[in-house]
Amino acid sequence: MNTIANAANFNGAKPTIDVNDAAMLLVDHQSGLFQVVEDIDVPRLRRNVVALAKAATLAKIPVITTASVPQGPNGPLIPEIHQSAPHAKYVARRGEINAFDNPDFVAAVEATGKKTLIIAGTITSVCLAFPSISAVTAGYRVFSVVDASGTVSKMASDLTIARLAQAGAVPIDTGATLSELQGSWNRPDAAQWAEVYAEAWPHYRLLIESYTKAQQVAINHEELDSLRR
Amino acid sequence: MNTIANAANFNGAKPTIDVNDAAMLLVDHQSGLFQVVEDIDVPRLRRNVVALAKAATLAKIPVITTASVPQGPNGPLIPEIHQSAPHAKYVARRGEINAFDNPDFVAAVEATGKKTLIIAGTITSVCLAFPSISAVTAGYRVFSVVDASGTVSKMASDLTIARLAQAGAVPIDTGATLSELQGSWNRPDAAQWAEVYAEAWPHYRLLIESYTKAQQVAINHEELDSLRR
Amino acid sequence: MNTIANAANFNGAKPTIDVNDAAMLLVDHQSGLFQVVEDIDVPRLRRNVVALAKAATLAKIPVITTASVPQGPNGPLIPEIHQSAPHAKYVARRGEINAFDNPDFVAAVEATGKKTLIIAGTITSVCLAFPSISAVTAGYRVFSVVDASGTVSKMASDLTIARLAQAGAVPIDTGATLSELQGSWNRPDAAQWAEVYAEAWPHYRLLIESYTKAQQVAINHEELDSLRR
Amino acid sequence: MNTIANAANFNGAKPTIDVNDAAMLLVDHQSGLFQVVEDIDVPRLRRNVVALAKAATLAKIPVITTASVPQGPNGPLIPEIHQSAPHAKYVARRGEINAFDNPDFVAAVEATGKKTLIIAGTITSVCLAFPSISAVTAGYRVFSVVDASGTVSKMASDLTIARLAQAGAVPIDTGATLSELQGSWNRPDAAQWAEVYAEAWPHYRLLIESYTKAQQVAINHEELDSLRR
Amino acid sequence: MNTIANAANFNGAKPTIDVNDAAMLLVDHQSGLFQVVEDIDVPRLRRNVVALAKAATLAKIPVITTASVPQGPNGPLIPEIHQSAPHAKYVARRGEINAFDNPDFVAAVEATGKKTLIIAGTITSVCLAFPSISAVTAGYRVFSVVDASGTVSKMASDLTIARLAQAGAVPIDTGATLSELQGSWNRPDAAQWAEVYAEAWPHYRLLIESYTKAQQVAINHEELDSLRR
Amino acid sequence: MNTIANAANFNGAKPTIDVNDAAMLLVDHQSGLFQVVEDIDVPRLRRNVVALAKAATLAKIPVITTASVPQGPNGPLIPEIHQSAPHAKYVARRGEINAFDNPDFVAAVEATGKKTLIIAGTITSVCLAFPSISAVTAGYRVFSVVDASGTVSKMASDLTIARLAQAGAVPIDTGATLSELQGSWNRPDAAQWAEVYAEAWPHYRLLIESYTKAQQVAINHEELDSLRR
Amino acid sequence: MNTIANAANFNGAKPTIDVNDAAMLLVDHQSGLFQVVEDIDVPRLRRNVVALAKAATLAKIPVITTASVPQGPNGPLIPEIHQSAPHAKYVARRGEINAFDNPDFVAAVEATGKKTLIIAGTITSVCLAFPSISAVTAGYRVFSVVDASGTVSKMASDLTIARLAQAGAVPIDTGATLSELQGSWNRPDAAQWAEVYAEAWPHYRLLIESYTKAQQVAINHEELDSLRR
Amino acid sequence: MNTIANAANFNGAKPTIDVNDAAMLLVDHQSGLFQVVEDIDVPRLRRNVVALAKAATLAKIPVITTASVPQGPNGPLIPEIHQSAPHAKYVARRGEINAFDNPDFVAAVEATGKKTLIIAGTITSVCLAFPSISAVTAGYRVFSVVDASGTVSKMASDLTIARLAQAGAVPIDTGATLSELQGSWNRPDAAQWAEVYAEAWPHYRLLIESYTKAQQVAINHEELDSLRR
């Protein structure tokens, strides 16, 4: 056909995440670096990263984390990542800005045996973009989760989205990533997946709270306060 | 030529909606899910969805609707969709997040015999994006109406626009969709089409109200209050 | 005490609306003038004005409307005001910008016998502010509903809020006005009041839709789609 | 009564502009200083200042202008002020930041014989605020037109509004000022006043253009293009 | 002096919170109502309310909570309030919109024996404003915590701030409230107070994480990754 | 090379405007339709359209204008287009929404003999996008000037930019268009080009005013007011 | 008169800064706390604080600085304050959140012998507001420079402005403060004052750069590049 | 594969900056032109340009600068560019808007012997875009640093990003550019690179200040003020 799929390395396949062939890379989500972020509310950034980690645990996909000189002003990895993904593997680097320039990191990725990479990183245009572009060139199908990442301005994240798409990575948001990993509500751990969305989307948690109460009221035939004499 | 049309499945044809070969898919426009939306004013979202449904009725194109577990916190389909498109066909799913993963839904789409799909869905990056990408891969010409959809943030909708374009779907807004379905004002039901734009665009309704009054004043030779003694 | 109540004409009384002593003045809500508004989304403005009119009907308080040279570019009064408050009385002016400069308008206000005035008007800094300041000087207790009004910029509405408060009018929003007129949910027409809030607050309508469905599901023991085989 | 009018020097009178007792002071509207403005779109600022000058001409009230060291980086007075108010009197200062610290300026104001001053100036928090506060202290009734002024940030203009109100000046916008000077549309120069609003409010100009065309169409029985064969 | 303290009921005293004479009223923080909020990010709203509750526990001041018809679409009280303030006392109402119109609520407030009330409530212009104005009239010194409240628009919250100040309540933010209750870092439970700020201010939590790591690095003489060979 | 120029019909040539092979199409810039615009300040939109028309006159390139049912609520063509481009040719349509669906319009375009089209139109996603996509398909090199166009929301214009780029039109802004037509300041009519930028960019006009004054001060040895005794 | 000056402790005097009776208090401008600020761009905050310090040096007014537990996560005082005001006196506290609760700080303020205090502090609603309210109660005339301060949200700073005005402090911006301290350009150190504005207002620095170049061009008869052959 | 790398001239190579084959072009960063910029805060723009210049010095890559008629209203090149890159070479033009239309400029670029160009320029859509598109056509690998550039609106910069990507230039932000030039923290001049980020990212400077203090406190066993008696 006279069309081009610009998502790299899919070879005509549907450009979506194959949960059976995916690994997650969480790059440089550090307390100091988060203070530099202005393109996304930091609480939303934290929630999204935690949701990704929890989803990886539920979907049983490998997680690799890394931090950029955490002993310096960049600060430590935020603790809730490994709390949410106890199976995650941390790889220390030697100062390389691009995680994919670190041999240990690349080895860890290759060791997963996966060909689809879900990547998030802060600073977006550096810590997410660099590994994404490297991985595309290395032949991986890459999903770059821009809203589980953060950078200094909206302009910088707009630029990164454009650059990632141009390079053949698939720009994607946390919600879409969660849903691609989940696939269906028709599964025994549906409630745990609901909790992941409640983590990422505070308004969804409100929905659950209201829905649960509404059902309780009906089931228990609770009287409205406004009908009490 | 040394250029590429990136809209998938058009095979060199002009990448616009063929009203004679189009069907409309309205996915997961649900009261609960609408509470999660932050990238578009909910009233605008409702207006746009209703305008699409009304336009489909005027243009006599098939409409298929579906909802994601409407018995749960996601809530019911908003009622005005089927009120505005009485011919629409609702397809229940079994929890699949991607409507196109549901065989009944796919069968309903195929049964239309159409090759152009106009899709809108909430959450944008999931309920609009997933069916859009699936349909492109299945060979349809796809128009993804992003502003008759909604998601958790502007960043998420920016990301979805980039991903949809990359995948070969045509990102489009409600207004363009209405106009492509309408084609011309030189038709007997022009007034009904005007009402559709008034639905989608409140300022357009103001134009009609002012214009109508101005003509009445001229025709009835009404005196300005400010000229009364 | 060493304090000042800056709300004029309350003489130490609680500065709130006495539903038994209130009249509503809706000034210059005209289709043309609405096109000049940039400090509030026009659909929200329309919804708020309609909610005020409906509340006045439910609360059985008098409504007086007026328009500024509706035969000219300012355009007609939006039709839904009188549709929502059939008892409202329209008073034509003779070009006076300040409605309170028109003797017929003042007479109509006095004829209500009320001492509390709820005023909304577009343009905010003119059509709401001028009558508000005039009414305060005339001895009325005045509530100026700024978000059922509209003006050319946020700065202009900020300035109007400051000026109104300085002049002794009470700056107030539509929601607070509705609630002060309603007082309690413990009344037989509670459902009609709920509809008024659904009119003013689209997210509230979503709450009602979701809540109603959730209760139906519980009462009818509906099965979740995601549990169907 | 147990209320206070916080607008200074009105002594219980209605705190509005008396067109027969008003003079207009336009302070430091200079090309260079306009480049420092970030709280209002510069074209809007220019339009508002020009509208004030034109209104002063129509209302036949005195106008005094001044500039802060126009020979330096602050730049020249924008030319359209004196073009719009040919009767305006320019007073040079000797570097005083507060125009009211300049004896010639004060003398010029006193020479008007007016007790109500309409003041606009850029930078808002300095060139508008300082003369406003000085004039209040000197016994004038002062209207400070904040949106015919400009400053470095929204925060700075919010602060200035609060400070002006606290000091007893009346914070006001251009539109309200125009309308207070005009009073009524029922006057022979109504069309010229309409042009002033079209100057200040571009959407109002659109209203006039549309209204005029709609009337012409009705009067000339013009056929809609969409009805042509 | 020729000045007025506009904060009501302070009788010349410094208008600040006396922790020994304060009680906290948390009104209508309900899951459904939170979906209507557009003037503050819901996660921030939740964090602020929780921070207030935790601070009340640390400061040992009484907390009274109430909900508006929680059996209906307004939804349940968010659970973390009573989790954060186990000593809080919930008072059911009978549909009164103004909590202070409910005799049980008023009795509970009076039973605290306190004369300073810290109030937060959603919807701001109703559930916070109404009790605040009532309490001022009843003689309390009132602090209205607007950013632990929420309403439908920024305009509505701007209006509420103006109305509250006009009525003599002290408009205040969560951070100031926490600090007034805390008073000093020189106290044995300083670490617990730090946790409260980390709750309310996510960037403050980042500060603590970075600071703690930086100190550990120095104390443990950790080597920077970027210095490793 | 392993790259794709996605700008259609350039056949490897640099994707820029050839002033010797360009025509300008200004579509549906109408007073009524401008009231529907929310993605760009209407004064900026008017300024940009006028700047394009003036530049076309200076660059001596053909201009074709058209309006959509100007006898109806859409309103008349704004007058300053033909004032700024006296040589422009207006083509009436018969209600076709896509100007390129009108045979007279297409004939007029072909009659120019040009292969590069500079197009601007309101509503952006319809009146700019439809002709742009049609012209690309017809073999023209197309530059779509999105900020001399307007539509109902930023989302709609973001979507249109993505769709235009996908279809092979070059998305461009007014400033770039002016500069591509101008090419160099080293030309005898440089001052007239400067006036065009002053039209489009108000801050540029301020630069000229300040610069001119600064030079006059130096040339005339003007003394600073602040140095006067 | 029938007016109230709400600025406390002026006793009818003009509510402006008396440079001969003023001292400046710069409270808690710390590197860590600046990371919590979201209501003002941190670079602007730093520039404003530095401008205040430089102005205090030029105006020869006393400066007192203090920091809140700078040994902890709040971080050190930003270094450029004392660099810009070498005469400033730092006062360590013992953990008091309100600087005015620290006896050493109060003593230092009293030792200045001044009755007008210019205060800036971060966090605005705490570190600026608390000392401001305390100082008003202690009888000082207080100017609270809100944009040389910072807090967690715009809502929090709006609330603080309202609270400060209510308490009788004068809310003011940095620019107005600089100008009140400077008074006139007609002074020998005018150039140094210009540098202070260039510090606070980056666009003003651009004005100076352009103006200087324009004058050089005229004086040196420089040829425009665009006129070179 | 069925995918395309759209970044031009990389011939399958990873689309990133090769520091050994890069030159930097800084185009038209002029004081006057900066006054026209509205899509990025001017201080951020200045910081980014300075950071690029400093990074070029550290990375030892050639820098070429140019200005558009600096003798006119466009104003002089901002001085800190050459201060930050003393090795930079300035090339005067003869009025060509596109720097690449000037033979001297092209010769200077070719003389570098580099095939990768890092370009920044103001106005973005002209002074950055034109050379970028020209360089791509000339066979260079081009990185267009959009946030070290500036233009009249966000829409104009969005359009430029789309156009640049379409033309095969790589849209990139300053941070990513710095990091690609730096590559690793594991280098002897790491501290100087840290200073470059502190220049570009003010929050990063805050991180360094806080981190340094925290380490000093630990090393010197400093006592918290809040623990002092």
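Letters A, B, C, D, E, F, G and H mark the chains in the order given here, with residues in each chain numbered from 1 onward.
Here is the rule we go by: a contact is a pair of C-beta atoms (placed from the backbone, for glycine too) under 8 Å apart; a residue touches a chain by one contact, two chains touch by 3 or more.
These numbers come from a predicted model, not from an experiment.
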Next on the checklist: When contacts are scored as defined above, which chain pair ends up with more C-beta pairs, E-G or A-C?
Outcome noted: E-G
Checklist entry - What is the distance in Å between the mean C-alpha positions of subunit A and subunit D? => result 52
Next on the checklist: Report the inter-centroid distance (CA atoms only) between subunit F and subunit G in whole Å.
Outcome noted: 45
Checklist entry - So what's the Cα centroid distance for subunit B and subunit F, whole Å? => result 29
Item to check | Residues of subunit B whose C-beta touches two or more other chains | outcome: 4-7, 32, 35, 44, 68-69, 72-73, 75, 94-95, 158, 162, 165, 184-186, 190, 203, 206-207, 210-211, 214, 217, 224-228
Checklist entry - Considering every pair of chains, which are in touch? => result A-B, A-C, A-E, A-H, B-C, B-D, B-F, C-D, C-E, D-F, D-G, E-G, E-H, F-G, F-H, G-H
Checklist entry - Contact residues on subunit G for subunit D in the complex? => result 1-7, 13-16, 39-40, 44, 146-147, 157-158, 161-162, 165, 170-176, 179-180, 182-187, 190, 194, 200-201, 203-204, 206-208, 210-211
Checklist entry - Where on subunit D is subunit G touching in the complex? => result 4-12, 32, 35-36, 38, 68-69, 72-75, 94-98, 101, 123, 125-126, 129-130, 133-134, 137, 151-153, 155-156, 158-160, 162-163, 165-168
Checklist outcome for this item: Per the touch rule, the subunit G residues reaching subunit H in their complex are 31-32, 34-35, 41-44, 46-47, 68-73, 75-76, 78-79, 92-95, 202-203, 206-207, 209-210, 213-214, 217, 222-229
Item to check | Partner subunit C, residues of subunit A touching it in the complex | outcome: 184-186, 190, 207, 210-211, 214-215, 217-219, 224-228
